[in-house]
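One chain, chain A, links the two complexes that follow: it is found with chain B in the first and with chain C in the second.
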Partner chain A sequence: MRIMSSGFHKVYLILIKELQTEYRSREAIGSLLLFSLTTLSAVSMTIGSQVLSPRFLAVLFWIVLFFSAMAGLSRVFLQEQSSGTIYTLRAYGGAQPILFGKFLYNFVLLNLLSLFLLPLFLAFLNTDVYHLKLLLLVLLAGNTGMAVITTLLASLIIQAQSQGALFTIISFPLLLPVLLFCIQLTTAAFTPEPTAAMQPLLFLFVYDLVMLGISSVLFDYIWYD
Partner chain B sequence: MNSALTIFTMITVFCVFYLVPQAQGLGSLVRIAFFHIPVAWVSVLAFLLSAWKACCYLRNRKLEDDVMSSRSAGLGLVFCLLATISGAVFAKLTWGSYWNWDPRQITIFILLLIYGAYFALRSSIGEAEVRARLAAVYSLFSCAAMPFLVFVIPRYYFSLHPEPILNKSGSLQMDTTMLVILCLALIDVTWIFFKCLQAGKAAPDE
Partner chain C sequence: MEKIDIEFVNICKAFGPRQLYAALNGDFASGSCVAITGNNGAGKSTLLKIIAGMVKPTAGTIRYFSIAGDLSLEKFRQQTGFLTPELQFYDSLTAKENLHFFAGISGVKLPENQIESILEKVELSSKSQERLQSFSTGMRQRLKLALLLVVKRSVWFLDEPSSNLDRSGRILIEKAIREACDNGQTILLATNDAAEVEYADHVIGLS
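Showing the complex of A and B:
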């Protein structure tokens, strides 16, 4: 492996390493997909064949996605801690490539989860999508925001006790703006009327960018103590 | 200093109860606002001060900055609760329900959650330096989300909450007596906040 390499190459190496580790155990993706399937089937079974309003559907969709994400995404740093590899990573990797590599990995996981969940959701709950492009954009923006925030916060909790519960508690307030905007935009995508939802979408992207910038600044303080 | 603060507080309370005129449509209920607005202002001030002290800690690594940051957050939590409760009572008396997820209520609820999460994070880390560092990071991270909560979310939901004192056109829609007394109340509550903060500094409880 080349020791001297550019920042982008390092990010790429971290991402590849994460994906290979994941491919070996398939632990994170398995728990994500099964968790989402469990919640979705619980919701769908109890609702039965009732027709729900677009707003209700959007709320259900994002709640399933949010709690599935909470179940799987904290592992990104915890697994390094439990397998004892975090010290090696600390010795070889700079803070920024690790943050962005792990962020990309979480982002990939979330997108896989969405691709798995969305068709099932549409089929199970008998939902019509009127604005598919908008829906995909919203998923992209929402997943970016969730991946950014959970990556930084996952690195915060590795030195804490009761990590699983704490992760959900500290993530929720910061993810709430993402969730509220995503629900609003998804409602628009599920309704037949044409929408002009550019402004909330813009705010969502701006929020993602601000969070990405501030994580990049703050991660140095977490990684080098 | 303590006696000065006591006298000042008594004067303010007297003014609020005896000098504030009855407001149009609200009657005596307007007096709640003289508690609610200063308390809400202080809870935001405490949040910003906590973030500022967190920033100082990350730069200088002095544990007293962390103590101030957590003291400030603790007081902020108390003031935030008071603002929430007084706001909910006002909402019940004027609009008929304690809680209806008004944008302002969403914002203050998220602020409460952030404070709660901050203390949950602190209490689950044993080592003082690690706790200080990670709590500071969380404090700054949530501070970056604050502008969105305060300015962006309220735009997208219908609100019953009155316009902030300085509304968009920059004009003041308040009686002069009320305005003067509101300023008194603001100064008083901010003073109380800093007094509590200093008291904590003299005898750090961590």
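Showing the complex of A and C:
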């Protein structure tokens, strides 16, 4: 008996395949974690026992997260290109399930990276979190934005030369609003006084949704042309 | 299975200054088996990709028709199956996992026993739990055939399907093509192998 699978099931299959191949190769997660650990150690050793302002700590946290993400997130399509499986994906898979499956995988990777990085960052840099819920929401919104943008751009650069450099360069302007709002909100989470964070947080989620919509519209053209 | 006719008009393809075809015309009726032959570099594989909608021609149009009328490229893509050298599987997954995955994303959810029986048909059942890292080129070719049989598409694009296969593998390909023709599936075959050309009821020669 043959059963037709739905779009959600296809997205689920792609996410599971990504996690399965990553679990067996440990390429992306390895480079993400090692990069973040190295950067964090360097920052922590340089700063020593100095007390930093919440804004400076927030900037450092997002810089470490951003550059670690750049080291691993472009692999979602580059690996398919180098192994030749991208042709099989194009031949048998629809564009939208592939986009959303890959986006979810990058989102999972980023959240794993954040879960690994955040406690270490707080411990190494002796940082207090006064508004944990806000910090978790910022991480959720920031990681969503980074995952959407990096997934779309990773699909754009697969035909280009110097893919790594190009990926970071073209990601930066699109990720800048996400980073600026994340830094602003993370500063609020590291500050004891209550601050009005609702508006920038809402903006961040709306920006994520807009980027997700744009990616969905553009991806059909990128994938088949 | 949907019956699909294909028509292409004034197809031109150039890679920089190198012109492959100036104005290629033709049509394939549903259920036909067409062989495309020609020397190396004549553009056999490129023509297959152009007709499949995987590569854009420099000029010209391709139209697809079903019984209901004109078929969009998007709908046509859902009816195409491939056995070409470009098709690759995931080395870190087993044969069965690869088959499950690609069948699933193509829209087909198959029960375990059906996957097993297809793998048995292509003589890979004893290797179904092995990762593809250990597979030879011939075994990978058999897995491509298994995927083609699993997805059950109306139009098959085959590019030298018997390459790297032993005698029993070649017999499998021949049997699959004959069965597909009997089922009314359209087959486009790029080849220089005389034995493969014999499967076709029509031959296009590219110079």
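Just so it is clear, the second predicted complex is superposed on the first by the 222 of 225 C-alpha atoms of A that agree within 3 Å, B and C clash if a C-alpha of one lies under 4 Å from a C-alpha of the other, contacts with A are read in each partner's own complex, and residues count from 1 in each chain.
Here, a contact is a pair of C-beta atoms (placed from the backbone, for glycine too) under 8 Å apart; a residue touches a chain by one contact, two chains touch by 3 or more.
Small disclaimer: the values here were computed from a predicted structure and weren't measured.
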Exercise. After lining up the shared chain so the two structures overlap, which partner does A:S215 touch, if you call chain B first and chain C second: first, second, both or neither?
Worked result: first
Exercise. Given the touch rule stated above, what does A:S53 touch, chain B (first), chain C (second), both, or neither?
Worked result: neither
For this session: Tell me which partner A:Y92 touches in the superposition: chain B (first), chain C (second), both or neither.
Result: second
For this session: Would you sort A:S41 into first (chain B), second (chain C), both or neither based on which partner it touches?
Result: neither
For this session: Determine, under the contact definition given at the top, whether A:S82 touches first (chain B), second (chain C), both, or neither.
Result: neither
For this session: Considering only the touch criterion stated at the top, classify A:L174 as touching first (chain B), second (chain C), both, or neither.
Result: first
Exercise. Where does A:R24 make contact in the superposed view: on chain B (first), on chain C (second), on both, or on neither?
Worked result: second
Exercise. In the superposed arrangement, what residues of chain A touch both chain B and chain C?
Worked result: 225
Seminar exercise, completed: Within the complex, chain C is touched by chain A residues 1-5, 9-10, 13-14, 17, 20-21, 24-25, 83-85, 87-94, 97-98, 224-225
For this session: Report the residues of chain C in contact with chain A in the complex, numbered from low to high.
Result: 53-54, 56, 80, 82, 84, 86-93, 97, 101-102, 104-111, 114, 147, 151-152
For this session: Could you please specify the touching residues of chain B with respect to chain A in the complex?
Result: 58, 106, 110, 113-114, 116-117, 120-121, 124-127, 129-130, 133-134, 136-138, 140-142, 144-145, 148-149, 152-153, 156
Exercise. In their complex, what parts of chain A are in touch with chain B?
Worked result: 152-153, 156-157, 159-162, 166, 169-170, 172-174, 176-177, 180-181, 184, 200, 203, 207, 210-211, 214-215, 218, 221-222, 225
